[in-house]
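Letters A, B, C, D, E, F and G mark the chains as written, and numbering starts fresh at 1 in each.
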Amino acid sequence: MEYVLIIIAAVFVSNIVLNQFLGICPFIGVSNKVDTAIGMTGAVTFVMVIATLFTYLIFQYVLIPFELEYLRTITFILVIASLVQMVEIMLKKISPPLYQALGIFLPLITTNCAVLGVAVLAVQQDFNLLGSVVFAIGNAIGFGLALITFSGIREQLDMMNVPKQMKGVPIAFIVAGLMALAFMGFTGIV
Amino acid sequence: MGLLTFSRGGVHPPENKISAGKKIEPAGLPEQVVIPVTQHLGAPSKVLVNKGDEVMTGQLIAEAEGFVSTNIHSSVTGKVLKVDKFPDASGYKKMAVQIQVEEDQWEAGIDTSDDLLTNIDGTAEEIRNKILGGGIVGLGGATFPSHVKLMTPKGKKAEYLLINGVECEPYLTADHALMMEKSARLVVGIRILMKGLGVEKAIIGIENNKPDAIEVMTNATASEDGIQVQGLKVKYPQGGEKQLVQALLNREVPSGGLPIDVGVVVFNVGTAYASYLAVQKNRPLIERVVTVTGKSVANPSNFLTRIGTPASFLIEKAGGLPDDTAKVINGGPMMGKAVAKIDIPIVKGSSGILLLRENEALRNPVQPCIRCTKCVGVCPMGLEPYLLMTQAEKGMWEPLERDHVMDCIECGSCSYTCPSSRPLLDYIRLGKAEVGKIMRSRKAV
Amino acid sequence: MSEQNTINHIGFVESVNGQSALVRINSQSACASCHAKGACSAADQEDKMMTVPTGGADYRTGEQVRVSIARRTGLRAVAFGYVYPFLVLMTILVILTAAGASELQAGTWSLASLAPYYLAIYLLRDRISNTFTFKLEKLF
Amino acid sequence: MNKLIVSPSPHAHTAESVPKLMYGVMISLLPAFAVSVWFFGIGMLIVTTVSVVSCVLFEYLIQKHILKVPPTHLDGSAVLTGLLLAFCLPANIPFWMVMIGALAAIGIGKMTFGGLGNNIFNPALVGRVFLFISFPVAMTSYPVPGQWLRYTDATTGATPLGIFKEGLGEQTAGELMQQVPGYTDLFIGNMGGSAGEIATVALLIGLLYMLYRKIITWHIPVTILGTVALFTGILWLVNPEQNADPLFHLLTGGLMLGAIYMATDYVTSPMTRKGMVIYGVLIGILTVIIRVFGAYPEGVQFAILIMNAFVPLLNKYFKPKRFGKEVQHG
Amino acid sequence: MNQWKNFSKGLLKENAVFVMFLGLCPTLGVTTSAVNGLGMGLATTFVLVMSNLVVALIKNQIPDKVRIPAFIVIIATFVTVVEMVMKAYVPALFDALGLFIPLIVVNCVVLGRAEAFASKNNVVSSIIDGLGMGIGFALALTALGAVREVLGSGSIFGLSFLKGDGMLLFVLPPGAFIALGYLIVLANKLKAKTT
Amino acid sequence: MSQIIIYTIITLVVIGAVAAIILYFVAQRFKVYEDPRIDLVEEALPAANCGGCGYAGCRNFAEALVKSETFDDLHCPVGGNEAMATVAEILGREAVEQDPLVAVVRCNGQPQYRPRNNIYDGAVSCAVAHSLYTGEGDCPHGCLGCGDCVAVCDFDAIHMNPETGLPEVVDDKCTACGACVKACPRDIIELRKKNKKDRKIFVSCINEEKGGVAKQYCSVACIGCSKCFKVCPFDAITMNNNLAFIDSVKCKLCRKCVPECPTDSILEINFPPPRNKEEEKEKAGVEDAGKTGEKVGATAAVKSGEKADRKTGTEAAVKSRANAEGQTAVNAEGNTGTQVEGKTEANAEKQPGTKTAEKIEEKKQNNADDTKGTKSGENGDANEKTQKD
Amino acid sequence: MAKKESNFVSMVATLSVVALVAAALLGGVYEATKEPIRLADLRKRNEAIEAVVPAFDTVPSDQIVKYGMDGDTLILYPALKNGIVVGTAVETFTNNGFSGEFKLMVGFDNEGAIVDIAVLSHKETPGLGDKMERDKSDFHVQFMGQHPDEFNLAVTKDKGDVDAITASTISSRAYCEAVQRAYEAWKATR
């Protein structure tokens, strides 16, 4: 139950994009197609989870014992950067067609602040291991939810007559704002 | 039986069948006729006459070229003035034969008497040849050569013949009049088509706003085995063949398919009558019933008209062009084509000439789509017209194809119903043309 | 109808060898057209190279082509690449935690479980390769 | 002869038009308006007038001076937005707040997207939620019905839902039901609440009128109300101590107004029947979740806005049932 | 290169936030007030200038292929420095900016400038470029913070000019998005006018 | 040194080294060599992403440029020779000069030459109208006037002239991207060489019908009489299917053909007044008109010997009188380059049905605004501007 | 100067050197800021304690008591003046705020009467719930000097003695709950 609440909180109440303002760049930039958004969600879930898992272990079993908490930022970013790259390397080595299919389907995700942000938040909030991972999952779902809905809206807006001044990024922000407004309704459900 | 109808969508525009109950009158002969050589869907026919030739009524003047094509006959007796390109209803020039009318001398071998001949001789093959010989095309609007429809493709089997007496277009009453007056001959025509197709069962579908026609046809078929008359709910486009097949037999013609894919062939009542004349009387298709109507028309009528007669001649016959005419439509208000000039020739596919007044004719100003879903609701094919229009407007051909634009039967229900007066079908048609081109080129590769 | 649910990318033929062509795909995310991409780490700047069977047609180096895959194939790639390993990892993690393993052990082992997963993919690579096929079309 | 008009078919068109539809909705709102004026008097009149006038004015000004497109402020949609915005504001809210709400509704909610037909979110609700979040105090103190001549100075009280939400935990549902107006009052609208949302019966009459005029179909309102009844019914059966009965939920708050007028807004609701049903069900579920588990006593406004965001996806994945199955050629 | 041009391009023409849409997360996340925006802007400017400086200094010692990781280490170092210094001397601001201080590491502006500018230019230009970009960024954040503060709390830089509160919405997340959306439109107009 | 610093160093160096190793492999396996020149070339291109070069976008074109050995068939019409020269410099290749092109509208079927005998009330789209029928006038080749070409122009270079009902190209803005050429369902628009001072001489007609028929459709149609063909000293004119065509590369702008044409279907644009005394006065007007920027209309007016008229609608009567007086009548005021609705139109105005026509006009405007929504702002602006003029 | 070539050794070496220098720099800054950070932290806590208990001179860290309650920990800081306990500051929490959790510091005198209350952290709505902060309203004043045994720590709506913040009954109620919890902890650790 506790884990369910973590997920609900991360998805709806303090949505990573709409409420925490993390991962705005991909949210604004990559969300043109629903298909891509769905694929991104899968990829982001995996990346967030292994990043959080790994950084959790490093934090708990390296940084804390040596009282190096202040190295959190620098170690996390290095670890995440190499981890993400490593996964891609593996995929590419192991099954080039699979890798190619992914490449054509998704923009490559490199580190972005959502992944680092979630890793940092997870250790900040003193979750245990499983809690951290669940927290990462929740945030990934929250990211996906926002991304997918938003890409749907964008696909529709592409067919409509948005004023020229507003086209592109400005309208994206207004839509995000109104989505955030709507999501305020979830305040307090956990 | 309860009222049958098709399952999805449909609209009910005001029926306005002003000329209902009017007897079929011969329109008489104009001074000149212009007979286009493409009056059907398919390849143009090959012209057989030259300038200066004398032709007789019913004489073959152009012959089928290719499989999907048919014969064209002179509808009058007189001298060929010109074999040249003449503007058709769209104003674009097409090859046609212009004939100065001199008299009405029918070619030998044509039975011009009015006797009812019920005995059907000949094999299916012979019937088909006679129908091709008579230049019969579908008179329901699509003008598809009828002999082609009689040839069931390999692997398919026709089970039912459906006779389309629905006439769901507002205003038009040509089929109605035909059913009222020529029921016995019609029934023979149906038998001929049944024989040509090799089917045992035929159903005549008639919309319920023509109770007299239902009665007459029921009486006429009372003694006929396998022919049944079925009343249908008044709902446009009940007469669309896919809708009719579903209403009568509860079978859905597959997307991209033909009625024959579900064992059905559909013919219009006019086609059945024309088949009777061609097979029993050797009389080619040189005249048809044309409704001339409109709210201001002095004398709304159903004229038996020679092919090639200028529409203006018929309008004169019906009391002249009313002053408040703002739009002249070749056909009905839902599917007919508006014309820029009234001297266009009547062709095999012309079922009516409709004169609209200004207040009926003008479209309302286009407003933005308010996504009211009305067009989605009325589309009999289950499409999303609002989406198709936008995609067509923006040239998004791939999504258009994905969203099945090719299924659209161009019934116009969507444009009819849109409260924002959006030109939905205008653009969807454009999209269909474009997607059709792309699909064909893909097939060609 | 194969044209329906596909994802298309425009690319250039880099080289042709026998039955397949090496195609360079321009990245198509919003980043690709963004003037600021040079300054952005999130940007998807890398071009992707892929080997696509030519299906007998004749291609020239430098020719502009369209590479397409079915939407389903794309989603399946995501599943193989990210979703399944995620599930494997989570399963191990939950089982070990439930079994009372320490966090360090649970965490390390679940990360380690990815190795056999990738090994499995590696062993099955031929089977998998067959699922991911691309279609090559000339643009003009 | 005059020049003939030529256009592609069809040449016949319905008599329906956008303004006619909009005015139809307004007519259906009349009974509810009358009831509201009966209960809230001058406040209702002021708020409605200000709201309608500002909406129309803002639409005109924005189109004329910012977007530079032909103004369409008189097509009825801005009037309707104004009317519905007024309906979901407390009748004692200061007029300048109403104007801010109208600006948010028309400016942010509608014109930013390009005007009628292009917006993703329901403008009136954008206006309301904007105000609700911006001025929570003013937006959560509702006048007690029956103070005809008092506007911003009216005595305020809580809505039945507010009373319920507040009291839970300390008191049981049964005790709380004693503190809220009886069912008859709830039915006719004698309770605290937004200006136009209270008149349950009158709103239902409006629904019937719109159904009769074929302005809307039953799918959205019925599924929303049904889902709310079902969901709250289950909660109530499981724990009658802590949960109100379904009827209470149906009759209180903005549910009727939302289900009948806001969720059905053409522009922001799904395009297919299937989509509508799913939309309705999800709005119902979200409403109950927010009402029962969330911090706010009322959830319809948020539920509708949230689902507005999902409408494009619903449109994408729920297509109408097409005629005929696919045949594979070749 | 003309150093003024080098400096000023970051202010509007290539403004990180309004024109390039970079570093949006901190932009939205910390701008509940003008002061917070300014604080974040200055912190970022510091990191930007320092990392540009160091990168420009050692650019030739770094093999191409480890360029990015090396930059990350450099940037992360300065971020951590900022983190510790703020914690020690301006703890209140540090609390208000919270997560977004460590996230300067992934701010595209910082890495982007290191990669696109400092690694190709000399030290002085790099510093000026960093300053320009950083100040542009700080300006944008301050502007957004000011707008949100004025509308949302009826005050500016903490000075209240309104009795009571403003429109709460603007201090809450939706207000951030909406205000930024319209600010971008305005900035575009401004840019169009000045060029 | 304190312990912490030692730990710090150990941790960071270990992590740094591991990261380095991983990233080393990444770099090894991953790095696709991206020619840095692609970026440079892209920068040199105008970033219009209009597709005028035949590639999907500027970047694709940049790649193609870098990859190919020569510049054959590779040209950016928008950036023109200038951009291509820069590109050539970047790539160290020989620049291939290509004549800059400009779009011309080869139809001069203004209402007074090609009477509108019906009213189109369908979707405001040339493609729709074209597939429906011949259009408001009889000519099946003539401009339909719904402005599909205007809607597709990314450069705001082509506008509908409400007086003539025909699109006009603003030479300075036109980048020859060819979008309008593709959009026009009637293939009326041609890209031709841009001559100095934007001068051009072309046959403003694409009607391949025989002379008599063509003349029926439109009084300024090319009737295929070959007179221009015979008079051209540079062989710039070809005759094909009853239609003369002037090759813009061969044409030396000698203007010999212009007076030859019996139907005035050859337009000369942006020329100084001719020496001919009688015409001098007339041409003076043109020059002014040229300055006001409404070149096509003005020149067309002069060309046909008819006058441009400032006070459009109100002076319709004057106009028809002028017509009646014959072709030499000169209206000194004719310097705005706009044209009154022609004689036929003026006559038509006396007839009933005009009301309908007006209504429709008004509506079309609205409809156009709506259906071409994205452009509506500019359209509105453009119209406003013209009206003010 | 020529660019360094990218080979395995040079890369690892470079990165290691960069990391080394970075580490040295960081370690230095860490050492330098360690004390100020500790002081800043201490000051923050002490400020809160100072605000809520009578004047004192030390809070001996070995006398701080942690008290587990309702799934979280309350921390009790005894404030000593001249070695004598003059009051106790209790760091308490509630999960029932309008937006979830918030933390208070409640000061008790030796009799258990409330000296004063300060808000440590909260997520309540600005303009509404945040009125419970000391510098935003006088909400806390009504608690001063009250003894929880006599003063019903509940809002008037719930028949208690606390006047709720306008339109923020929920926050007020949660506030009372947190204070009550602090009192119980104080009692239990007497």
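Note that in this section a contact is a pair of C-beta atoms (placed from the backbone, for glycine too) under 8 Å apart; a residue touches a chain by one contact, two chains touch by 3 or more.
A quick note: this is a predicted structure, and the numbers were derived from the prediction, not measured.
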Steps needed, at minimum, to go from chain D to chain F via contacts: 1
Selected pair, greater C-beta contact count between E-F and B-D: B-D
Chain separated most widely from chain C, comparing mean CA positions: B
Whole-Å gap between the CA centroids of chain B and chain E: 71
Intercentroid distance (Cα basis), chain C paired with chain B, Å: 54
Chain D and chain G, separation of their C-alpha mean positions in angstrom: 43
Centre-of-Cα separation between chain B and chain A, whole angstrom: 60
For chain C, residues that touch 2 or more chains besides their own: 1, 34-35, 38, 40-42, 46, 48
Residue list for chain B, restricted to those that touch at least two other chains: 326, 337, 339-341, 361-363, 367-368, 387, 423, 426, 429
Multi-partner residues of chain G (each touching 2 or more other chains): 6, 11, 14-15, 18-19, 22, 26, 30, 98-99, 125, 127-128
Interfacial residue positions of chain G with respect to chain F in the complex: 6, 8, 11-12, 14-16, 18-20, 22-24, 26-28, 30-31
Residue ranges of chain E touching chain F (in the complex, touch as defined): 65-66, 68-69, 73
Complex interface listing, chain A residues touching chain C: 25-26, 28-30, 32, 35-36, 38-39, 42-43, 45-47, 49-50, 53-54, 56-57, 60-61, 90-91, 94-112, 128-130, 133, 137
Residues of chain C touching chain A in the complex: 7, 9, 25, 27-31, 34, 40-42, 44, 46, 48, 50-51, 67, 69, 71, 73-83, 85-86, 89-90, 93-94, 97, 103-104, 106-108, 110-111, 114, 118, 121-122, 125, 128-129, 131-134
In the complex with chain G, residue positions of chain D that touch it: 136-137, 140-141, 166, 170, 295
